[in-house]
Amino acid sequence: MATAMKALGPTREQLLARVGFAVSALLLLVVAPAFLSDFRLGLLAKFLCFAIIAVGIAIAWGNGGMLVLGQGLFFGLGGYCMAMYLKLAEAGSVGLPDFMVWSGRETLPAFWKPFEHAWFAVGAAVIVPVIFAALLGTLIFRSRVRGPYFAILTQALAAAFVILLVGQQAITGGTNGLTNITTFFGLDLADPGDQRVLYFLAAISLGVVYLIARQLLNSRYGKLLIAVRDAEDRVRFLGYSATRVKVIAFATAAGMAGLAGALFVPIVGIISPAMLGIVPSIEMVVWVAVGGRASLAGAIAGAIAVNWAKSSLSEEFPSGWLYFQGALFIAVVAFAPMGIAGAVAWARDRILERTGRKQPGPTTTATAEGTS
Amino acid sequence: MSTREKGGRFWLLAILALCLSAFVAVGCGSDSKDEASSTSASASSDSGDTIKVGILHSLSGTMAISEVSVRDSELLAIEEINKNGGVLGKQIEPVIEDGASDWPTFAEKAQKLISQDQVAATFGGWTSASRKAMLPVFEKNKALLYYPVQYEGLESSPYIFYTGATTNQQIIPALEYLQKEKGVKKLFLVGSDYVFPRTANKEIKAWAKANGMEVTGEEYAPLGSTEFSTIVNKVKASNSDAVFNTLNGDSNVAFFKQLDGAGLPSDKLPVVSVSIAEDEVRGIGADKVKGQIVAWNYYQTTPGAENEKFVKAYKAKYGKNRVTDDPIEAGYVGVKLWAAAVEKAGSTDPEKVKAASKGLTLDAPEGKVTVNGENQHITKTSRIGVINENGLIDTVWESDGPIEPDPYLKTYDWAKGLS
Amino acid sequence: MTTEPWLIDELLKIRGLEVDFDGFKAVDGVDVDVKVGEVHFLIGPNGAGKTTVIDCITGMTKPTGGSVLFDETELRGKKENEIVKLGVGRTFQTASVFEALTVEDNLDLAASFRMSTLKLLRRRRGTSETVTKALESTGLEDVRAKPAGTLSHGQKQWLEIGMLLCQDPKLLLLDEPVAGMSPEERTRTGELIRLVAESCTVLCVEHDMDFLRRFADRVTVMDEGKVIKANATVAEVQADERIQEIYIGKGRGIEEVSA
Amino acid sequence: MEALLEQLVVGLSIGSILLLVALGLTFTFGQMGVINMAHGEFIMAGAYTTYVLQELLGAENITAAFLLSLPIALVVAGLMGLLLEATLIKRLYGRPLDTLLVTWGVALILQQVARDVFGAQNVAVASPAWLDGGTELFGIDLPYNRLFIFALAMAVTVAAWVVVGKLKQGRRMRAVMQNRQLAAASGIGTASVDRRTFFLGSGLAGIAGVALTQLGSVGPALGTYYIIDAFLVVIVGGLGQLRGAVIAAFSLGIINSLSEYWTQASLAKVIVFVCIIVFLQFRPQGIFATESRGLA
Amino acid sequence: MKLEASDLRVSHGRTPALFGVSLSIDAGGRTCVLGRNGVGKTSLMNALMGVLPAKTGTVTLDGEDITKLPPWERVKRGLGYIPQERSGFPQLSVGENLRVVNESRKGAKPSDIDEVLDLFPRLTPLLKRPAVYLSGGQRQQLAIARALLTKPKLLLLDEPTEGIQPSIVAEIEESILAFHSRDGLGLVVAEQYVEMALRMSDEYLVLEAGVVVHQGHTADLTPEEAGKLLAI
């Protein structure tokens, strides 16, 4: 029967999804660049990086049930890998990034050396977070540390990472981070035209990440992940290693955060510990919670919407933003745990029901329970 | 196909439409000038009735503690100028943004002020990290930043005016004071773990080596730390004559208390601090730092008619309990310097303002200051002070006139190789 | 039913199994032999330690002593998923299926447990033969696209058995498969289990005597963590006074109560 | 040798601070399973209470204000906790991760409230004269404020132990924690027990806040410096285990002070985190596991 | 006193457990609830006690609607409960197990505990021992003692003899029946062991797949018939 269905071509929903994807691609790639000023486009590019992180969190948390409160760590690893290359490329003949000079270092630390090579840096920006997350995940999940313990541990890790970065100023740039990055593979970051190129790079990366994530969630592995979220022990009795299932999701999310970090650096021109600590890491979860933790599109929308709100609200009332963020968060998590996505899905179900296109019954809300 | 995915796809559309409308609303609706995406900030800024300037400090987050007061003094300066007819016959209109103690936010907001609000100049920043984050933004947009805080030196951006002290105007005089007036031979360095203390200590070590002073230890505490037992033990074990303290605001309380508890009050072991000004003393409590030595260029008690006027105006505007201090004054001076340069140039164009600033002098609350055209720092008088029981600082030593700024310490032999 | 001559090889051999929960011996020196192809019942009052024995076989509970040999392989110390891969499947007292997933996805996951991680990352196209067969035998074809959470209690139990079918285990452990079912559901379940038993060995924990009489080849009876009768036939169990006493209460036979 | 002894004393001192900030969490997190990220802000509330009392009573009554602030901070922070429980947390039992996120939102708001009420500037809390300075014992400096905090931590721990172990209220708390349904069906009003437990846990945070005023100045971000450490103490100690929290706090304090002595302050924190991860590999349930197997 | 339920429906998460149970129990009487494992006996007990919230339907006690009341309020009104799961408060000592319950009742006296302990002399030497270290029979005696301390008028017992050695079963049965005859304590006993259930009751209900399928007077029922009822 399923094969018969396949012969009939895509279902209504699949069709709609493709249209949705095409329209959003059109919006991001054509409409936004045409109508937004350079400044706003730059902001949007930054938000798209954040959306990439959010997609990873939606996988690990929304679908895998692992509340990752240390995504800043992986974002930072990716960002620093990229920034190290860019700083070295800029240092040119001196061979030493500016901050090392004024911190009194005379030689390049060994671990910086490989980052002279562009492709090593680009690869490392994704692979280093993935490897780190895989190792860490294996250690944590193997001893069946989960739920709040896992959340607090990842949080502590992010904090430790920041302390480490700040404490090793001579080789990491300390609190300042790595700043004053002005070129990116021959692009002049001061040039608005080149900034646009970065915007397109971010938009396309987000599209690719979204497609990868969708493939992942629609695959058997994705079902397995949900199964682990809802009944980890039962999955073991199907013959799967729950540890491995979780590690894959955790590492994927880490890799996405790393990629986002690598893109963020040229777009914003700085990476610093201030963006990797506990508070930014929790904020990343906020985006996803607001958008709808289990939905990829929700996570993307959440990341863009929350950051847009933050940017514009903090322009209007600097201190009001914190009240707003706190209140938004309480409201969403306590009263609408499935976020915007949940609300939209609910509304859609009601409409479809009323127009008779769909039989009433438990549907989308099925994923609402059992997640926390 | 699970229903969840159907959902996700269905409303991808809706969300993106929402986002787009949001951006359209903010991007186009709120500011029509936005479309004239210009990289030269001031091109159109003096064509209106007012001249916009940006004020970019942390109004939230950990740094708000210090930066809010500076914003206040900058607003005071703008108000005074406006009362006297403004600049070029136009009123100055401040656009205030919040850096939120987050360095990339400083960069973002700086860009916003420049391209969205098209401000003629921006006054802002406190931490070195925020300055470093903003620096490329101002350089690439060829826009002006006035930075009001003493810092570690080794920098001289063509688009930044530094109205706080560089090291040779604050730290080196303090060291000389310790050696000559206090006879210090062994010095212990304590700082918060960030750029200013680390870089400053590097310079101190170079100076000490050249001047026969021994550095007996160097310790850093994480920002905001209140745990100094171990560091104090190390200080005690080192038998030092004095401590050079570059700790950040809130950590100082804990540090001084621990010193006190370990039997090392200020009369036994002098501590020179370069990050505690009157505003910080207010938060620390005068009783806890009474008698401690500080090094700055300006105190609320600094004599002179200009300062009397400034302190009076500041207190009148913000309340009797408020105090003025070095960065607050430097923020005020920055605005005044910019206004004077604009008047002199007859334009707000950054290049013209830069040219006009060269050698510009001003009677500031701290005394006469002159802009160094080369490195865009200003001359400053160095003053060593002692905190009194009212939380104010009494000057105990002062340099012979203003010191020329030398951010790269080029004129000092011992500093070769530092930069 | 009597012991068939071909039932000689012991697929599962438990020797001296002990489980100690904080000083409480839940299982105390239990021996069980399950022969290839038989349907073996493990009975006893609640709290006798039956489920704990099952938990030990599947690696969910770590025994404090003894050995569990499956097909000559020691299971003690192995992880749950490794044991499953050796060919041991189980159900739970309360049906445990993945409620957020559809019936078909539930079965498909069960069928894919030997797949490499890379293959798992591919999207499922169509329905595999194993899953189709399982859908047929469990009678869940009509609800294949529904989330498992919306199924009735009986349907969930069948789905769980169906999932086991997909895994094609050598040994199937059933923990009270008909508890809480209506009579019709019981019959369906019985048929299902009979179907399953055609291709594998079954060890079943159950209270329902009627069910036991219909399906058991041999029975092991436990009480208070100990085996009080091993490898008996149904007739032997029914004839044993002592078993009647612990199981039914004083002075009444199984026959009378559950007839 | 003397240095080692000195660092041990420092470790005990750090440990007593950790213990104070974590004690409340052994109730709200350990017993009730609520991850209250606003715990840090309750600490902050306790600290500001001290400040307000000092302002009210004036400079001549510093000692009175300080001592008075101990019970008052308990009530102030406790009431804040009570309010939080009654409005938000009670909807979220059984969803620990969601309590984490919601209370973080609450923490953000409380910090901003503090900033708006007391100003972004830190405020100074004066110490009573008898807490200034220190004494020396076997060549080791013992600052009075540290001795006081140590004593306070011990006193509060003993008090908490008495409440939990000996008093009616503590018995109820333990009963509800161990078997909520049975407690309810035995006539114990679990809802009111929850509220009281939360009041107590939050109130202890308030007391910790009072103690912290003797270490540094008081600002809106005060709590954020301690919150993660506090949770780690509870996790390492084992959920809801008072003795576990005591051992964990002092162990972490000593590891911290020793590694700080041999390396640097910033590295010490990282070393402590690594130790915790390694430790959890061996004892994921903490020093004293609460989990006891239910019988078949 | 009369405990009544009408059209009571409850579910565990999303799995329905009771499909509209209606019943009426006289407080002074003795009722047993029969049914196999999993037919919803425990769910019914939990629903009557308020441990499981009712999805629809009402529970009334002497005409007062108690459907929305939490368990402890029902305890105040005279319902007592001995759940099937017998771990008690595992980390509390036997003495504390009793005190914590006794203290929650208005007008309780410490001597109430002694009274109950007289019924279970086996518990007296164990007062300081944490409940987790008790044997199954001791735990059950403790459970009954706890329930009696709430001074119930109607006591719900969920499988009181499950997994307990016969000699203690007899003791337990005896002590409960003693309370019934002495203080007029009403009993609702859910049991799989038909014999004992029938011995302890005057009325019976048979539960099957979440609904009541039979009810009547025990006296009219022979054990054989009871067995048939259960096998249906």
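Lettered A, B, C, D and E in written order, each chain numbered from 1.
We adopt the following convention: a contact is a pair of C-beta atoms (placed from the backbone, for glycine too) under 8 Å apart; a residue touches a chain by one contact, two chains touch by 3 or more.
This is a predicted model, so every value here is computed, not measured.
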Target chain D, source chain A, minimum contact steps:
1
Ranking chain pairs by contacts puts first A-B
Geometric centre distance via CA averages, chain B-chain A, whole Å:
34
When the centre of a chain is set as the mean of its C-alpha atoms, what distance in Å lies between chain B and chain C?
73
Residues within chain A bordering two or more other chains:
163, 166-167, 218, 319, 322, 362-363, 366-367
Which residues of chain E are in contact with two or more other chains?
14, 132, 136, 163
Touching two or more other chains - residues of chain D:
112, 115, 264, 266, 269, 292, 295-296
Within the complex, chain D is touched by chain B residues 59-60, 62, 64-65, 68-69, 193, 219-222, 224-227, 229-234, 236-237, 249-251, 253-254, 257-258, 260-263, 279, 282-288
What residues of chain D sit close enough to touch chain B in their complex?
3, 6-7, 9-10, 13-14, 17, 112, 115, 120-127, 132-134, 136, 141-146, 212, 214-217, 219, 221, 225, 257, 260-261, 264-266, 269
Give every residue of chain B touching chain A within the complex, in rising order.
1-20, 22-24, 26-28, 34-35, 37, 39, 59-60, 96-98, 100-104, 107-109, 111-112, 115-116, 127-129, 132-133, 135-137, 139-141, 152, 154, 193-195, 198-199, 202, 220, 222-223, 418-419
Can you tell me which positions in chain D touch chain E when the two form their complex?
168, 171-172, 174-175, 178-179, 181-191, 290, 292, 294-296
Please give the residue numbers of chain C that touch chain A in the complex, ascending.
58, 60, 79-81, 84-85, 89-90, 92, 96-101, 105, 108-110, 112-115, 117, 119-127, 147, 149-150, 163, 167
